[in-house]
Every structure is written in C-alpha cells, then in structure tokens.
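As structure tokens, here come the structures.
In the two complexes that follow, subunit A is the common piece, with subunit B as its partner first and subunit C second.
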Partner chain A sequence: MARHRGRGMAAINYPIGMNLGGDPSQALVHSNPSGKFTVALSSIDLGQGMKSVTRQICAETLGVPVEDVYVDTADSDTGPHCMGSFASRGTHRVGNAVMAAAKEARGVMMEAAAEELEVNASDLETDGRGNIHVKGAPHRSISVKDVAIAAQFRQGKTISGRGIFLVPLSDVDPETGEMSPATCYAHACLVAEVEVDDETGEVGVIRMDSAYELGRALNPRLVEQQLVGGAWMGMSHALYETTEPYYPDPKQGPRDFVEYLMPGPGDICPHDIAVLERPAPDGPFGGKGPGEMCANPVLPAIANAIFNAVGVRIDELPITPEKVLRAIKAQGGARPQTRR
Partner chain B sequence: MLELRKDIFADERDDNLNEVGKGTQRQDMLGHVTGTSTYFNDHKLQGMLHVRVVRSTQSHARLRRIDTSEAERSEGVRRVIRGADVPRNLNTLLSLINFGKDDEPTLAVDKVRYRGEPIVAVVAETLRAAAEAAAKVRVDYESLPSVFDVEEALKPGAPTVNETYPKNTFTYHERYDHQKLRFGDVERGFAGADHVLEQRYQMSPIEHAPVETNGSIAAPDTNGRYVVYTSTQALFFSLDTCAKILDLPSNTFHFIGGTVGGGFGGKVDTLTEPLAILAAMLTGRPVRYVLGREEEMQFGPPRGAERIYIKDGVMRDGRIVARQIRGYFDSGAYTRLSSYAVVKCAAHLPGPYTIPNVHGDIYCVFTNRTPATAMRGFGITGMDFALECQMDKLAHLIGMDPMEFRILNAYRDGDMKAHRREAKNTALIECVQVAAEKAKWPIREEFRRMSSRKDGGGARAAVPSTPREPAQPRSAPAQQRTSYDRGLSMPPQPDPPPQAPAPSPGHGATRFSSVFGTRRR
Partner chain C sequence: MAKTPLQFRHNGRDVALFVDGGTNLLVVLREMLGDVTPKFGCGQGGCGACTVLIDGEAHLSCLTLAEAVEGRAVETLDGIKTGPNLHPLQRAFAEGFAAQCGYCTPGMLMAAKALLDRNPQPSREQVVEAISGNICRCTGYEPIINAVLAAASSRASA
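So, the complex of A and B:
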C-alpha cells in the first residue's frame, strides 16, 4: 500500500459572452459640478469586481484619476439595461459600454475646457491627475473641477455620455451549426500534480502550474482573485462535489455543507499562475474576461494526473475515493505510469 | 503567485496607460471587509411577512387535490397562494429572447414533475408560522412513472416528463430534437485513421453553493409601484420575467440589487421574486422569500448533469483527423437555460483544435429531477472535461507527449473553426508552452518554437466538403414572441379566431396548456 504521485495537464479555450438573442449592455456616465464622475449601470457585482473594473475603464477613458469615478450599479430606476452578469460577459460587454459612454462625456468635457482656455478642443489633453492642458504647454491648464463648474453654471453643458455595446443575435444553421457564437476567446493550460492513496482511493492535489491568456489584464489583482478561486472551484468539482452522488439515481442528495463535500483550507495547494495578454481587438483596452473559464482546465488535468499516478481512468465526475479505489482494485492494483 | 508575461504578444499592446492594468483596490473593498456592504437580506422592513413554499414529495405525479383549509386557519397565516392566483403561471426564462416555449409553472397546478416542485406558497407573520402552516397543506398525489436517465428518457415509451415537449427533448429550429454541428466527413476521417477511440464521459449535477442563498424582499411602494431587493445576477432579466409572470408593465417594479453573496450562475432563474411580489400585492405588506440551505441544495437549480460520447480518429504522427460527439444535457423537468447551453456547447466543438472532420449532436433532455440551470462554464465545463481526458488518452495511445500533442493539434490564427468562422486572436499554443515552462515539463525545441500566429490558415482555412443529410421540414409550432421582440418588424397578422372564454380558475383546475402554452406569432 502506497501513495503515488502523478502529473496531468489540460488545455482549453473559452468564448466571451452569449450568442443567442443579441447581447447588449448600456452605461451612463455623468459628472457632478465638482468634476467627480458617476457611472450608472444595472449590471451586477457578484464579487468578481464588476464595479472596480468598469471604474478603471471609465477613469482611463475620461483621463481622470480612478478616485474621481464612482460606479453605481443595479438599481432599475437609474441604471440602464444590461443582460446580466453571466457568460463571462461583464468585462467585455459592460466594459465596452462604459468606454463608449466615457468617450462621449470626455468629448463634452474637452469642449468645455476648450471654451474656458480659448483654444481648440483637439489641442487639449488630460494628464490623468485631474487636469486638462494644452498639448506641449502644461502651464496652460485647467482642472477638471473648474471645467465641471464652468460647464454647469456658465456654459450650460452636461458633461455626460451614453454608451451601449451590442453583439447582435447570431443565427444558427439548423443543419450545420454554422454560427458566430462569440467575438473573442480566452485560453488556458494547467498542470496538476496529485497524490493518490491506493489503500483508500483518496486524491490530494499537491500543486498546480498554469498559464492563462485573458486579453489585457485590466486589473491583475482581480484577475488573480478569479484564477485562484476558480481553480479551487475546479478542484472541488473534480474531486468532491455533487448533489446526486449516485446519479442518475436521485437518492442520497446532500442537504447542507456537512453532507455536501468541498475542500477545506487544508486541501488547497500552491498554484503558480502566468498571465498572457493578447488583447482582443474588440475588447475594452483589449480585455476579454477570466470569469468562468478558470475552473475548466482543472477538472481534466486532475483526472489525467490520477491516471499518471495509478493508471486508472475515472471518466465520471466527481472522482470520489470510492470510484478510484474500485478502479484500482479492478485492475489489480496501482499501475504508476511514466513519471513526468 | 501571479506572474504577468508582458514579453508575450507585447507587439499587440500599448501598455502606456494610467489606470488600466493597475491592481487598484476594489471600490467595494472597505464595505466588504468591514461588514457594511448591503445585501438584499439586510433590508428589514416594518411589518414584513415571510413565504414558505410547499414542495412536492413526489418526482412525478398528478395532483388530485390540494387542501389548504387547515393551513389557512393556522396561526399567523395571512395568505395561501396557489397556481391559479398567479396571473401568468406558465413561463420559460428565455422567452425574453424568443427562445423556447413556456413550460414551467410558478406553482404547480395539475401535475408535479420533480421532487421539490413548488405547489403552494404560504405567507405568514413569521417564518416559523409559515413553516407550520405549510406542513398542514394536504396534497393528494397520483403517482406517475418517473425517468431519471437521459438516454432512458429518449427511448420510445418513456414517460413524458413535460407535455410541452412530449418526447422529452427541447425542440431546435422547430424541427430537430438536438443541435447539429457538421463540418467535413467524419466517416471518411475514421476510415483513414490509424486509430479510432470511442469513450463515454459523465458529469453529475453540482450545486453553486453560494454563501448567500437565493432570495428577495418585495414591498409595496408609493404610487402603486413595488420595490424589490434581490440577489439576482441579472437585474432586468429578473424584472422582465416578473413583469411577464405578474402581467404588469415593467415600470411597476423598482429592482435594487447589485451586491450578491456568490452567484456562479445560480441566481439567474428568478426563483423567488415573482412569489415575493405577488405576496406583497395580495397582502399589501412587505414580503421576504429566501431559500433555506436544504432548499438551495436540493431544489435550487444545479449545474445539470451531462453525458458525453466522443469518437476520435487519430494518426500515428499525432494529427486528429475526425471527431464525433454526442452529448446529452440533463435539463431536469423544465428548460430554464439548458436549451441555450446546448447551442453554446455545439459551437465549442471540437475544442480548441483544428480537426478537418467534426460531427456533433447535442441534446437538451427532460427528466424528473430538479431543473438545471447555468453555472460557471455553462455548456463548456463538462465538455472540456470529456475532451481533455480524451486528448490525454489519445496522446497515450500513440505514445506522444500530451503537451506536444496539444500544440500539434491546436488551432491557430486563420484556421477555419467547425462552426465555420475563422479563428483569430488565438493563444492556446503559447499557454501550453508557458505552462510547460512553469511546471518544468520538458517539450521538444520544435514545439517550443511553434506559434499561434504562424502556419495557420491556407489549406486549414477551408470549409471541407460536408455530406448533406436529408433536412427535415419544420413541424413544431412557431416559437413565441415576447417582450424583447416587440420592436421588431413583423408581418401583419390576421385577427385571432374567437376563443371560448377561459374557465374560471378554480383551485388546481387551470390547465396551463390551454391558456398560455400555445401563443402564436
């Protein structure tokens, strides 16, 4: 009786957004008279960071500091329409809508600044710190705050913008399945190392190494949060979770977190991640979205690592100790494969 | 822990940005770490009532009689709601985007199709009073045979789960019981392959397991409106679904949400909002309807099970020449969103690889279990498990390193994908190369030099000749049109034929199919 180590890998891609019914989201951006901006959305922040990433996109597009932008979301009386937070669509679809709204608002802001400085708007640029100045002449400058006051009280301009991003409905050919399901794809490859106990059938995940390509990482810390959490979810899906342990027999369903197994803190393993950024041509600053796909490569990588460790293929999820042990017994013991 | 490989694809990016690309702290971080972020369930309203739903104890049964008299007399009960009280009891979520037929009641009236299906909602002063009254509702069931296996459900003579789809499959393009993908000729591919490998994969259902269970609080507001605090993942999707079910203009509702305690796809189904609002309308009081943990785990929708068969033809040099896939999505008793996942899955085939012959048949199947719904990786996660286990087996079969096998078959810029669109902006090869490097997994120099941006297109850009199968004529009635379609131009319609007045809806007597199930364009 022994514990056997093995390594397995998997590679995947993932479509960004949904392909049926059309996929729109809207955003509104406006400034108050102090030059502070509000983004109004109806999109949902599930904890993934929707508010934060759209805030950065808005600040970058306006050319103002991120602290001067606040994202207000999910009030149907004030936020314009959004399909919802699913299908890895938030960063790409909502981000693009916010970018379009911020561009329009920036246009008004620059016109108002031009009027105050008595120059052409095309000769102006933002410094990203809350000021607008003449290109090549930083001393001919006005603060965004002063522009906002002037626009509101002297010029009668609204520094505001509307944005929508729509991926139109794609027809699906009934005979061939020809369709345009997505406009861009994220990619990943993950290596999992496991240890399999041939006496109990238990599988422990020792470490993971991965590379994810997500378009531009608009906020690397939010990306890290998604990838680390998503890999944990994938590991849980691979080895622990099910509401029907003997599917398709519906009996024995768990009712709470005592009966529904998930890995605890002691089961989490080190995970080294590399992020590659191949910008999506139609993404906001090239962003795609790490939302859903980060869990996907973990499942097959673990299954393949188990084969490498003990020579059994478990093709039914979750890969419980019972299934591993039965398979090891059926082949007359562990058969470790070539170490990788 | 996280390393940004700025050196790769650097020529495609302008990294001269102020705010984008920075690891700025989250806007909502302070609220989250100090426990002051407001979730829907933090709204404790004066005079708030509570909903408890009576759920079916049977997987499949006719409802002979529902006796709520004792429950109605129970202490603290303000209202008992039945299917006949719901203005438009029958709905399907994707009717908002004109996909599928209304097939699911808010409260069951004539039949239950899964264990845990809501039959009656009790509204009471406290959750305890609601639970005690719910236990006093007597339901007289006539058991029907159930089916739990996706392939059993497709056999002739299998029990019909959902009369809207009598053959237990969703209807695609008004004629097929599955979504097809056809690219090239797999039979010719198999005939010329050095090895053919066919395997079966199975994924059981799993729970989203959010810390915050599904729920909402609805309250009468001024001027005849209702405010709704909700955990939804899709604010307007839920709002418009409620407007349809309650048959009211959408601006009757003021939905507030946006801070959610975990979703992962499990908070799109609008499980609680219609009954919470209806209860608020019927009682004039604020109403809270939140799923308990057991309800969330067993009767809240899971990620549905999938069964997948993959048959591959591969050459000794590692090239995959044909891939045939048959997949069954277990939708449970109702469609919810599984119909959409099937199409997404078909588009995903054959995975991120350039394979000249691909054949896919993906089914959305109805069984007598809790309806499935979206979950992180919807339509893809189960298929990726199957595809990548299969890839490992193929590499093993021909004695090739699995990393090199992926790189060899990876799609590249300019290749034609099986759904007949050109591959662009690809990066699978680079991901494999970097993961191998990180894991110190040796791959040969020629594979380290390959690139997503080189050697794609050309002959790989062609759509191969694909044998045509006899096309079936449309048979099913036209799909319904609903709220999001109203702006589309439609041909003038003749006046509808006069209809007999609907029978007065006695409790349990409304047959949904005669009222809502047959809307025409």
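So, the complex of A and C:
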C-alpha cells in the first residue's frame, strides 16, 4: 500500500461567447450635468469583475478618469438588452458594446466642447484627467464638468451614446455543415500533479502550473483572481462536486452546504500561472476574457494525472475515492505509468 | 409569544431590546439593530458567512440564540475599523484582492480577527484551520489565506 505521484496535462481552445442570434449585448452611456458618466447595462457582475472592466473600458474610450464613470447593472427591465453573464462573454461582448456607446458619447462631448471653445472638434483631445483641450495648446482648455453643464443648460444636448455588439452571422457550408461559431478563441495549458493513495483511493492535488492566453489582460489583478479561483472550481468539479453521487438514486445526495463537498482551504495547492497576452483583433482593447476557461483544463489534467499515478482511467465525474479504489482493484493493483 | 429583555454590548455600545424566545443573534443584529455586516448564508451553520465574535471568540450568529449573549460583548465587521482607518485585515484583503463577490468576506474577516487577536503570528496551517468553517465560492481560498498572513506580518512590523 502506497501513495503514488502522477502528473497530467491538458490544453484547451476556448471560444469566447456564443453565436446564437449574433450573441448581442447593448450598452448606453450618458453624462449627468456634473460631468460624471453612467453606463447602463443589464449585464450582471457575478463577482468576476465585469463592472470594473466595463468601467475601465468606458473611461478609456471617453478619455475621462475611471473615478468619473459609474456602471449601473441594476435592472434588466429598464436597462438595454444583454444576453447574459455566461460563456466568458462579458469582457468581449459587453466590453465592445460599452466601447461603441462611449465612442458615440465622446463624439457628442467633443462637439459640445468645441462649441464652448469655438474650435473644430477634430482639433480637440482629452487629457484623461477630466479636461479637454486644443491639441498642442493645453491652455485652451475646458473641464468635462463645464462641458456637461454647457451641454445641459446652454446647448440643450445630451452627452450620450448607444452601443451594441453583434457577432457577424456565420454562413453554413451546405456540403459539410461547417461554420465558424466564434470570432475569437482563448487558449490554455495546465499541468497538475496529484498524489493517489492506493489503499483509500483518495486523490490530493499537489500543485498546478498553467499558462493562459486570453487576449489583453484589461485588469491583470482581476484576471489573476479569476484564474486562481477558477482552477479551484475545476479541482472541485474534478474530485468533489456532485448532487447525485449514486445517480439515479437520489439517496446519499447532499442537502446543504455541509454535505455538498467542495475543497476547503486545507485542500488547495500552489498554482503557478503564466498569463500570455495576444490581443484579439475584435476585442475591446484586445481583451477576450478568462471566464469559464479558468476551470476547464483542470479536470482533464487531474484525470490524466491520476492515470499517470496509478494507471486507472476514470471517465465519470467527480473522481471520488470510491471510483479510484474500485478501478485499482479491478486491474489488480496500482500500475504507475512512466513519468515524463 | 412572550418577549424577553436582552442587553449586550454591540461593537462597544450597550444595547437593550426585547426579543421573541428562540430568536437567533443574526436576526437581532440584522433586523433589529440594522447591522447587516454579518451575512445570512445557509442559516444552519454550514457556511460561516454570519460569523461574529462573542467575547472575542468566533461564533456562528445564525446558530446562537440571542438570549445567550445576555451581558456579553458581540463584535461584528461593522465595529472593527477605527474611525476612518480600516483594520489591518480589511486593508490586507483589499490589497491582496481576497474578495470577489464579497459575500463570505465579513465572516472570513471575523474568523481571521479571532485568530489574530489570540495568535498575532499564526502559521499558514493555523490560518487554514481558523477559516475552515467559512465557505468561499470564488477565490479558491489562496488569496484569503495570503491576506491573513499579510495582515499578521504588517501588524508585526507596525
């Protein structure tokens, strides 16, 4: 009886968003008379940081400080339409919609500023700190706040913009049925090292090393957060989580947080992540989005590592100690594979 | 149902109120005192989101009968900063990106505070042990453990 170490890897090619109906999302951007901007979305931030990223995208596009942008995701009854927060589509789809809306709003803002400064709008630029000035003549300047006040009370204009992102319809080849379901793909590779106890069937994850290519990391700390947390969810899916452990018999199923198994703080392992940035041509500032793919490679990598450790191939999730032990017994003992 | 008089210290302030028999502490804090920093997660002691300190020890307020804190000191996340200054744990959580959706954060902070108050220089294993009753579904725990350790070392060097 012994504990066996094994190493497994998996690589993934992950399409961002979906294609159904063009996978649209809409955004509206407007300023209020104080020169602060609101982004109205129906898209929901589930904790992944979509509000932060769309705020950055809007501020960058408008050319105003990020503190001057508020993202309102409150209400799908009154907000512009969004397909939803899924399929790793938030940064790419919603980000593109916000960018389009902010571009339109910026056009109005620059026109309003041009009227106040009595110059041509194309001669103006933003300084990113809340001011608009004539290119090459920073003293010919007006604050965004004063532009907003002038637009509201003198010019009778709303500084606002509309944005939508729609994936171009993909033609279907009548002969082969081939089509292009996504416009951009993210990629990842992950190596997991496990330790399998051939007496109990228990699997412990010892460490993970991964590389993720996800377009431009618009907010590197949020990307890192998603990758760290997502790998934990992948580990959980691979080894712990199920609502029907003896499907279709519902008995023994978990009823609450206490019985629904997920790895706790004592079950995690070191995870070294390399983020590679290859900007997406159609992404907002090149962003694709880490989203779901942060969990995806973990499952096959762990399954492969278990095979490498004890020679059993488990193809049903989660890979519980019971399944591992039965498989080891069925093949007459652990058969460690060669390690590469 | 008969009401029971109840007095205790809530974040350093004496409070007195009447509660129904069987009311739990979480309900008293959230609904009667308006302190919504302890979160309602599972309501049955499984998730740790409602963790508060009673006389300095971490307790699950959803499983604590309100009457059991008579005369005792209850501390919640609402009371851990000093004036405008965040508690070192709060700063470490923010700087270390130890929150995503944020729902577990108040319970994590209180469990961590209970640990650091009795053991200012815990080992990684002791941090893991201290937060093992608190469920986080976003971060994978690693950033939380690191933030607690960072808070401990920042207090040591302060």
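We adopt the following convention: the second predicted complex is superposed on the first by the 319 of 340 C-alpha atoms of A that agree within 3 Å, B and C clash if a C-alpha of one lies under 4 Å from a C-alpha of the other, contacts with A are read in each partner's own complex, and residues count from 1 in each chain.
Here, a contact is a pair of C-beta atoms (placed from the backbone, for glycine too) under 8 Å apart; a residue touches a chain by one contact, two chains touch by 3 or more.
Predicted, not measured: the structure shown is a model, and the values here were computed from it.
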item: Partner chain in contact with A:I273 - subunit B first, subunit C second, else both or neither; value: first
item: Subunit B versus subunit C as contact partner of A:L46, first or second or both or neither; value: both
item: Which of subunit B and subunit C A:E224 touches, first, second, both or neither; value: both
item: First (subunit B), second (subunit C), both or neither touched by A:G264; value: second
item: Partner chain in contact with A:M233 - subunit B first, subunit C second, else both or neither; value: both
item: Which superposed partner A:D256 touches (first subunit B, second subunit C, both, neither); value: both
item: Residue contacts with subunit A in the superposition, subunit B compared against subunit C; value: B
item: Contact residues of subunit A, present in both the subunit B and the subunit C interface; value: 46-47, 49, 221-222, 224, 228, 230, 233, 256-257, 262, 271
item: List of subunit A residues in touch with subunit C within their complex; value: 46-49, 221-222, 224-225, 228-233, 256-258, 262, 264-266, 268, 271
item: Touch list for subunit C against partner subunit A, complex; value: 41-42, 44-47, 97, 100-102, 127-129, 131-132, 135, 137-145
